[in-house]
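Shared chain: chain A. Partners: chain B in the first complex, chain C in the second.
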Partner chain A sequence: MSEFSTVRVPKVDTIAIQLTGPNQVKLSGTITQKDPASDLAGFFKALHTAAIVDKLGEVRADVSGLTFVNSSAIRLFVDWATWVKNERGHRYTLRFVTSRNVTWQKTAFLALMSLTKDVLAIEHVS
Partner chain B sequence: MEIAEKSPISQKLAPHPLVFMRFRPAWAYIDGIREFGRFFCQTTFGTRELADRACVVLQETLENAVKYSSNSPDSELELSIESDGSNIEFSVSSLPDAAHLSSLREELSGIQTLDPEQAYLAAFVRASNEPEASARLGLARIRYEGGVELSMKEETGGRIRITATGKL
Partner chain C sequence: MSAYERSPSTPSSSSRLAVAGSAGNTLRPGDNAVLNGRSLLRVICTAGSGALEYTHAFVTAYTADHLRGAIAQRLSVGAYELLSNALNFGSVSSDIVIELIESETLVGVRVTNDAISARISMLTEHLLKLKNNAEQTYLEELRRSVTGGIPRPMLGLARVAHEVGLTLDVQVQERRVSVTAQCRR
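Take a look at the complex of A and B:
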């Protein structure tokens, strides 16, 4: 069994989180807590570490169902992309699956892409 | 002190706001007020694009106001939404602690030297380069994603008013 599949999924009010495959995570709902890092930073870090242990070529993070997030939550995605960018050993592509219909996703992931385009991929769904 | 002059647009706006709320600075209220703002803008102006922009402006301005409000009994927040038919103005008045006031002045001055997109990108770069530091993405996000310009006015009694003004 892969490390990625066994990462413990946190229970967070307002967010549904599922590991949907050996390299896939899906988040939906809203993230507007005062300190979303306390719920999610450790989880994202565990996924990142597991992806390296599993030597994954790609991690798919489907955020298309995240209808609204605050800037502290956007920071968590910046951090995740930065961990991949700064990884000296095994590197994987972090693919964010985003919705064309959700405004924050268009602006945030475009900005993130400009920062970490060598490790990031953006996929749009309707 | 006024970081940015109140725009000519805001001076033309109606004396009676379309929305006025006063409430204690509690995090628990933010989601509800943001979603009311979405509903209000969608219903009044009929565009989802404006409703989405309103959500960003309200979420980030109210988060800042709640996070940095003083413990004084006079620290109630005031939110108003006004429009002159061409422009919309969101205004949040709060009583911040003194330490926050100087960093807010500095941050507002800093982001206003760049256009909104450049300032948002610069905030991402800063967040990436300083992983242990506070994100400080919020104000840049308001300008870029919210499509508004920001100004800050210092009022009597230590209160400040953050105003976000943009096209309808």
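Take a look at the complex of A and C:
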């Protein structure tokens, strides 16, 4: 069994989180907590570490169902992309699956892409 | 309008600054006018309270019900970030007011609170940076998020101006600050 699929999923009031495959995570709902890092930073770090251990070529993070996130949550995505970028050993592509219908996602991930383009991919769904 | 407008007819402590939204939204004449109109809703929050999440949830539900989907989403981001700033940086000695306002052509969210002059200067400085180049400022704040810059990253208003393309309008009178995030209806 892969490390990735055994990562413990946190329970957060406003977000539904599912591991939907050996390299896929899906988040939907809203992130409005003042400090979402307390729930999510450890989880994202665990997924990142598991992806390295599993030597995954790509991790798909489907955020298309995240209708609202605050600035602190955006920082978590920046952090994740930065961990991959700074990885000296095995490096994977972090692919964010975003929605064309969710306004904040269009610009935010485009900007994130410009900061970490070597390791990031963006996929749009309707 | 000029970068930082002081009207000779108003007291010297009264001023206004407008920052046009970006993110591919074409600015049309009147988009950065002062939003005067009907108040659709008005919520008074106690400064320093944990009102952010549930007030935002209420404003978001209201806008989703009353406005077009894309407009509602943009105002939801504006409402959260403006209220968050007011709760984090405003004076605790007076209430914070959040309003949803519509005119014939514009709709926006306005947050009014008291702040000390140092905070008002910081806000003005940040808005001038956004006015000069919202996209660049947004990227800088994202970068600072990674490095944990000091002072701490100010991504919120950059999101409002660049990410969801709302025009920011700030009016200051003495210590009372009103920040409006608005767009065409």
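The definition used in the following text is that the second predicted complex is superposed on the first by the 126 of 126 C-alpha atoms of A that agree within 3 Å, B and C clash if a C-alpha of one lies under 4 Å from a C-alpha of the other, contacts with A are read in each partner's own complex, and residues count from 1 in each chain.
The working rule: contacts are C-beta pairs under 8 Å (C-beta built on N, C-alpha and C of every residue); 3 or more make two chains touch, one makes a residue touch a chain.
Nothing here was measured: the structure is a model prediction, and the numbers come from that model.
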{"item": "Clash or fit (per the criteria above) of chain B with chain C on chain A", "value": "clash"}
{"item": "Which of chain B and chain C A:D79 touches, first, second, both or neither", "value": "both"}
{"item": "Which superposed partner A:V63 touches (first chain B, second chain C, both, neither)", "value": "neither"}
{"item": "First, second, both or neither for A:S71, with chain B first and chain C second", "value": "both"}
{"item": "Which superposed partner A:L115 touches (first chain B, second chain C, both, neither)", "value": "both"}
{"item": "Overlapping contact positions on chain A, where the chain C interface meets the chain B interface", "value": "32, 34, 68, 70-71, 74-75, 78-79, 82, 103-104, 107-108, 111-112, 114-115"}
{"item": "Residues of chain B defined as touching chain A within the complex", "value": "27, 30-31, 34, 49, 52-53, 55-56, 59-60, 63, 67, 120-121, 124-125, 127-128, 131, 135, 137-138, 141, 144-145"}
{"item": "Touch list for chain A against partner chain B, complex", "value": "30, 32, 34, 68, 70-72, 74-75, 78-79, 81-82, 85, 103-104, 107-108, 111-112, 114-116"}
{"item": "List of chain C residues in touch with chain A within their complex", "value": "23, 52-53, 56-57, 60, 69-70, 73-74, 76-77, 80-81, 84, 135, 138-139, 142-143, 145-146, 153, 155-156, 159, 162-164"}
{"item": "Residues of chain A defined as touching chain C within the complex", "value": "32-34, 67-68, 70-71, 74-75, 78-79, 82, 101-104, 106-108, 111-112, 114-115"}
